[in-house]
Each structure stands twice: as structure tokens, then as C-alpha cells.
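There are structures below to look over.
Common to both upcoming complexes is subunit A, partnered first by subunit B, then by subunit C.
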Partner chain A sequence: MTNEHIVRSFAQELQRLSNLITQMGGVAEAQVGSAIKAVARRDVALAAQVMQADTRLDEYEREIDTETIRLLALRQPMAQDLREIVSALKIASDLERIGDYAANVAKRSLALAQVPVVRPTAGIPRMGRLVEEILKDVLDAFIERDVEKAIGAWRRDEELDDLYTSLFREVLTYMMEDPRNITPCTHLLFMAKNLERIGDHATNIAETIHFLVVGGPLIMDRPKGDDSSFAVVQPDQTAP
Partner chain B sequence: MTTQTQSRMGATMNAPSALPAVPVKMQARDVKVFYGAKQALKGINLDIQENRVMALIGPSGCGKSTFLRCLNRMNDTIENCRVEGRLTIDGDDIYGRDIDPVQLRARVGMVFQKPNPFPKSIYDNIAYGPRIHGMASHRDEMDEVVQKSLQRAGLWNEVKDRLREPGTGLSGGQQQRLCIARAIAVSPDVILMDEPCSALDPIATAHIEELIDELRENYTIVIVTHNMQQAARVSQKTAFFHLGDMVECDDTEEIFTNPRDERTQGYITGRYG
Partner chain C sequence: MTNEHIVRSFAQELQRLSNLITQMGGVAEAQVGSAIKAVARRDVALAAQVMQADTRLDEYEREIDTETIRLLALRQPMAQDLREIVSALKIASDLERIGDYAANVAKRSLALAQVPVVRPTAGIPRMGRLVEEILKDVLDAFIERDVEKAIGAWRRDEELDDLYTSLFREVLTYMMEDPRNITPCTHLLFMAKNLERIGDHATNIAETIHFLVVGGPLIMDRPKGDDSSFAVVQPDQTAP
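Let's look at the complex of A and B:
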């Protein structure tokens, strides 16, 4: 049995939807990369670019929403086709959120660029590299319909959570050392949180890919590494 | 029955579920049907659960209608038709020597693709079956059977003032509900439906589908349909037939979101098979 639809226009529409997701994924990936670069290089122009380009992702999401609703109404898809369409809807929404977080990182980099560099800033590119890798793997997994790759990326989110927790503690420590650090450090905290959230949305996409290919939810224990909610740093710990 | 078929049944029919097992109303074991030398069914194993709607789907000529017709021995009337294997209702062998096909068809009623009311009044269409089965001795009793059957078929309010008018004067959708009322009148356990909505418009179809959902409380229903959306809407279990085999039977939800077999997937999504 070949995998061809008898109605070719339906197959073409599904392919178009899949292409839209791939393109949107590419844009989201670039946005995250540029936002991190803007922080690391204190590049205000690049940050502004990222903030502006976020509307492109919004447009992609709207287009994908319209397309999925149209396909649901006109084609009444079943089985694999149904999963393709529902997955597109979910992935587009995750990518849009990823774009929002990237834009917020870029926006905060503007504030950060106005004050002297604080040391924990180095943690952002470190987290950023990992986020970019996870996102890239997840998007490749979508294109290749590769469940193993998706699960691999899904597991790496734990590393990201660990990095976030340690950065969180580091930033709190710096704030306690000198109140003048509070402004840049607060921005750093939010940036780190944004990157951590991007990782979570990437894992959502990995789970959607699992549903798309296998037909059921991904039920596996992924140890939660984000312990920052429990983190307490006492002043005496920071004393030299 | 061989161990092999047993294990296959185990895999497809007894999907893990926390819900209590639903009693099986009708059961097919290794059912083979031949029209002369041509084999139409190649050993069907299927459990039809009580008070559930089972949809039979598959391409034309796959054997689903043949299977449906085995369930009340409609194939008996076809010359050269031979049925092998075991088919039971409540554990009784349908093809057993002591089973009277006429009595069986009262227990297992049938509704056809094209509404086929008798050229009689609406009242007599319903009363015909109970009369020949001696189910009502008085006029009052018969009136009650007629009213109850029409009510259950959701037609009473539309026809109560013209029971003496010919059934053929009703609209297509009403005629089909009349046929369902006629099937119900003899108090069957199971109702078989062969493409009951294919000649109806969407509104009449919706009425029949709503009716099927209500009838499920009191009857076991097996429906053959080419309309995938209809199978998805009305049934709890779906069985996919292909080239005389029953390929896959599972919860309807599962069949239409995540079918196990490539052939099922290909058929329901409209891909080359």
C-alpha cells in the first residue's frame, strides 16, 4: 500500500501545512539564536530586530490556525491525517510562545546593555546554546517524523532545568552582594526563566511529535530538574 | 477454533480496559461464506457486544453486508450460498437445527438501505409483524404496540393523526423511521442496518443517528455504512472488513484516531489500497 491520497489536493494541503510548520520553526529558531547573541554581544540593533520580527511568527500562527480549521471543516480528516492537523495546531502555538520568550529576552538585553556587565550574564549564552540545540533537534525530529530524536531532545530539557537552577542561585547571590546588581540581575533572572520556558515548549513539541507518529501520548518519567522554586540563598552564604 | 485465531481475538477484542466487560450478544467464530465457488468471507471472528452499536466498514465487495446478512440468515434465500463456522446469539447457534429462521428474524430485525414500507397504512406496516407472530390478541393491545413502536422510532408525533394513511406517502426519512418502527414492533434484541441513511438528506440522517443512539439502550445494533463520519458518530465499536477478512475491530475512537493496521488507515484516510 502506498501512502498516497486518492484526492491529491488533500495531500498537497497537508504537505503545505507541514511546510508552514517547518518554516515557522526555522524562524523561531533564528529568533532564539539572535536574542541570545544580542545578550552576549550587547548588540542593541540585533535585539531591536528580534523584537520586530516577532510579528512574523504571529502571522505564521494565524495562517496555520486558519489552514487547520479549513482542513478540519472541509476534509473531515481521520487517523494519521487527523493527527497531522491537530499536531500542526499545537506545534504552531508552542512556536509562537517560543517566539514571545525570545522577543522578551531581546527586550531585556536593551536594559542590560545600559548598565555595566555583571558576571552571571555569561550563564545566558550557556543556557542559550543548550536551548538552541534542543529546539533544533525537536524541529529536525518533526521534519523527519523521528520519535527517537524527539524523545532524546525531550530528555535534554532536564540539563536545561539544572542550568537554570544553578544560574538562579548564582544571580541571587550577586544581588545580595551589592544592591546595584539588582537591576541587571533581575533582568537576567527573567531571561533565564524565558529560556527555561522555551525548553518546556520544545518538550511540548517533542510530545506532540510522539502523538503524531505513534498515535498516543508520551508517557515516561522525565525527572524535573527545575528546583529553582525551592531555592533559598541566605546572606551568610555569600559572605566572603 | 484454532489457537491461532484465539490469540488473534485476544489481541483485538480484549484491549486492556478498566471498565467491566460488556456482555457479548452475538458471536462469530471462523465464519466462512461461499457464493457457489466464490468465497466471500474467509473466517470471520467477531464479538458483538450487547447494547452497543457496532459499525462494519470497508470497501464495496469486502464482505461486510454478507456478514450482516448472516446474522439473521438472510443469506438462506440466496441460492448457492453456503455458510460455515459458528454464529451465535446469546450462545444459541443461529444455524442450529432447532432454530426457526422466522423466529430468528424477529429476534434479529433488519433495516435496509432503501426505505421499503409495505403498500399498507402506517398502522398496518407496524401491526403486520406482531400480528403474524401472534403478539397481540386485542385491538387495544395492538394499538399500544403500534404507538410504542412509533414512539421509540421517534415518528409518533409526526404520524399519530394519520395512521390510516399509506406508509408510502411519508417522506424518505419518515419512511426509514417507519421501517425501524416496524423492526422494533416485534421486540427484537438486535437490529441490523444496511446503509440506513444512504438515501436520506442530512436532516433525516441526523434524526436516524439520534434514534440509533437512543435505541442502543434497549437493543444491540449492527450497522453497515460507507460513510466514515457516520460510523464514527454512531458506533462504539468499529470493524474494518477487507477482501473477505475482518482486518481490525476496536473501539471506534481508536479506529478513527489510531488504527493499528495499514489497510484500515489507508481506507479511512482515502489512500490507495
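Let's look at the complex of A and C:
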């Protein structure tokens, strides 16, 4: 009887931990969505809201950290249960970072709202839509323990890297056209980089889901990282 | 007898885990140092070496991950031992990210080596020296389990943020002076950002050391993040 009671209650505790991750994922997703909206609409109030709400993700991470350590100490879990707990620790850390990047996008949108609109700003919501899709798929994959969906999202990160690299080049040419574009375009570059990093953390979560469900690391061939780090764009591309 | 043997061998396993972190920390430190050298000396071969060696840190992280999960499952540790293992997991993740940022600095130094030197490049070794010091202190603090040293390093991250913010503004003005500076200066901005992020991960490690030794989270008042996200620099600062 007592034994059965403990077993059931450990399952409940694991479910609660999993629910915490799901909730935290929902908050992170909302933060990313709002940050992108704040850029597109030059909505300073929304940006401020995103920056303030970032502490909620820090609190979630602390709560999940404490809970995982408590469960590890009290329950001494093995196999699948142990993977559940270690995965929670890892995913909470990725979601916290995603929140930081969303808050930084929001913060930079304030600087952007002080100056006239620059054309490449439109690239941010375009990248943003893809980031939101990848993040949504990864979080669904976590809830459904769906490895295929996780791998699908993980593969799409490459599209995001491509989008980032092309936006990077576009923004550079705008900077060269008019020095007044330099400050807003620099913020755009960092915003785009933040979105690309959110994608990287989403792929980390996909890898953790693979570990959680399958039990081993995801080792596959996927071109990683963006090419913008190599980019050299000349001011006048037609010059000899 | 048997019991004593198990106790001693668990202590040895924990020591081995701790040594793995120390070794990984040494590799990360060397990677950061070499990346900064590659920028300062426009050393393309060294940059390529840093980029290649990044896989070593990925391997360390995988080994530490596997080892922590094995120890959690087999040893079912509690209290201090449990904190040792969870800390190893967290620190390995931070060191892996530090390696990624070092590799990205190296990668960008290749783009920079293709164009004439731009003046603000000198800011990178300046930031780099501080990053190296902070990282060294944090790794020493881990080896010595020295919370005071960890907190000291954690506080110095603020200097790094200040250095980053002033370099950010300096680089923007160079971009405005001459459009040929825009591409190299953009890489400088991202390099500086990478160094600033390495500092953030070093402070994460300092916080983990606090958790490891003291048993609770480090909650202190320290201004966090850089101010460059708010920066608006005008092309002609003397204009009406």
C-alpha cells in the first residue's frame, strides 16, 4: 500500500515537473511573439512589458532547478525517470535563455522606435514567424514526447540560419547607403542574431527531447551555424 | 569492507568528474586566449585551429553529461554529492557555450583578415584580457571551491559590460566615418558581443560554484547586462 502510494505520487511529481516546463515554454513562446510584435508595430509599451515579464522565466527556472534537485535527492530515480528530471533541468535553462533573447529584442526595439523606420526592419517579423513556428513545434514535441516532430523542428533551424545570413547582408548594404541607417541597422543586426540564437536554443530542446525519449544523444549531419560570420560586403559592389 | 570500498570509489568518481570539468575549463580558457590572439595578430592559421578544436569541448560536454547521468543512476547521491553532480552538468554546458563564442570570434577574425585593419580592433584584445582574467578566476574558484573568489569574478563582469558598451559606441562612429569600415566594424561588434557573452557564462559558473559550496542560489544586487542595446549614435554629433 505505502509503496504503491509512493510510486503514484512520484509519477505525479514528475507530471508536475513536466507541466512546469510546459507552462514555462508557453511563457517563453509568448515573450518571443510579443517582442517581435513590438518591433513590427513600434509598440514601446509592449516592449516594456516583455522586458518586465522576463523575471517570470527566471522564477520558473529557479523553481524547476529546486524541484529537480529535490526529486533527485528524495526519489533517487533511474532510467526514464532520471532522464525526465535531467531533461527538465536542461530545457528550463534553454527556455530561460530564449526569454533573455526575447527581452533583448524588446529592449532594442525601444532604440529603433526613436528613429525613422529603416526598410530591412521587415526582415525581423519574417525571421520571427519562422522562430515562432520552430519553437511551437519543439514545445508540442515535448508535450507529446514526439521525437519525429522534434527532429523536424531541429532541421528547420537551417532555414532560419539562411534567413539570418541573407538579412545580415541586406542590412549591411543599407548601412553603407546612408550613415543615418547605421545605428538602427546595428540594432536590427543584433535583433536578427537574437532570433537566430533563439532558434539554436530551440534545437537544443529538440536534442534534449531525443535524449529524453530515445535515451541517447542526437548525432546527425546538419550544417550548423550561420555563414554571416564570414561575410565581407563591399560598399560599392560595382567598383573595380 | 565492501561498503568502505564503495564509499571510496564514489569519492574517486566525483573527483574524476571534477577533474573533467577542470580539464574542460582549461581547454575553454585556451580557446578564448587563442581566439583573441588570432584577432590581434591577424593569424589565420591560429583562427582555423580554434575553429577545429571546438569539437573537443563538445566531446567533453557529452562525456560529462554521460558521466553525471551514470553517477545519478548508480550512486543516487544526496546533499553535497548531488550538488557536485548537478553543478558539473551546468558548468559543462556553460563551458561548451564559451567554446562556441571563442570559435565564432576566430571565424570572424578570418573575415577581418581580408580587409585593412580598422582602428577599434584594438578594443578586442582589451576586452579579451578582462574576459581571460574573469574566466581564469572562476575556474580557479571552482578548483579551490572558493566562493569569495567566485563572487569577485562575478562582480568584475560589470567592468566587462562597461567596456563592451563603450567599444560599441566607438565602433559605430567608425562605421559612420567611412562606409568601407562597415563590414569589418560589424564583425568587431559581434566579436565584442561574443566576449561579453563569454563573461555572462563565466558569471553563470560563479553562481553555480556558490550553489555548489553554499547550497543555495546567489541572489545579490548587481546591475546586469550592457547598455548598448539602448544606444542611439547620430552620424554627426555636432549637428543641431
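The rule is simple: the second predicted complex is superposed on the first by the 230 of 240 C-alpha atoms of A that agree within 3 Å, B and C clash if a C-alpha of one lies under 4 Å from a C-alpha of the other, contacts with A are read in each partner's own complex, and residues count from 1 in each chain.
FYI, a residue touches a chain if its C-beta (ideal position, glycine included) is under 8 Å from a C-beta of that chain, and two chains touch if they have at least 3 such contacts.
As the structure is a computational prediction, the values presented were derived from the model and not from experiment.
Student: Tell me which touches more residues of subunit A here: subunit C or subunit B.
Tutor: Comparing touch counts on subunit A for subunit B and subunit C gives C.
Student: Once the shared chain is lined up, is A:R145 touching subunit B (first), subunit C (second), both, or neither of them?
Tutor: A:R145 sits against neither subunit B nor subunit C.
Student: Is A:N104 touching the first partner subunit B, the second partner subunit C, both, or neither of them?
Tutor: The answer is second: A:N104 touches subunit C but not subunit B.
Student: Where does A:A79 make contact in the superposed view: on subunit B (first), on subunit C (second), on both, or on neither?
Tutor: both
Student: Could you say whether A:F10 touches subunit B, subunit C, both of them, or neither, answering first, second, both or neither?
Tutor: A:F10: touches subunit B, not subunit C.
Student: By the touch definition at the top of the document, which applies to A:A231: first (subunit B), second (subunit C), both, or neither?
Tutor: After superposing on A, A:A231 lies in contact with subunit C but is clear of subunit B.
Student: Do any residues of subunit A touch both subunit B and subunit C, and if so, which are they?
Tutor: Looking at subunit A, the two contact sets intersect at 76-79, 82-83.
Student: What does subunit C use to touch subunit A in their complex?
Tutor: Within the complex, subunit C contacts subunit A at residues 62, 65, 68-69, 72-73, 76-79, 82-83, 86, 89-90, 93, 104, 107-108, 110-111, 114-115, 172, 175-176, 179-180, 182-183, 186-187, 189-190, 193, 217, 229-235.
Student: Any idea which subunit B residues touch subunit A in the complex?
Tutor: 228-229, 232, 256-259, 262-266, 268-273
Student: Which subunit A residues qualify as touching subunit B in the complex?
Tutor: My answer: residues 1-7, 10, 76-83, 215-216.
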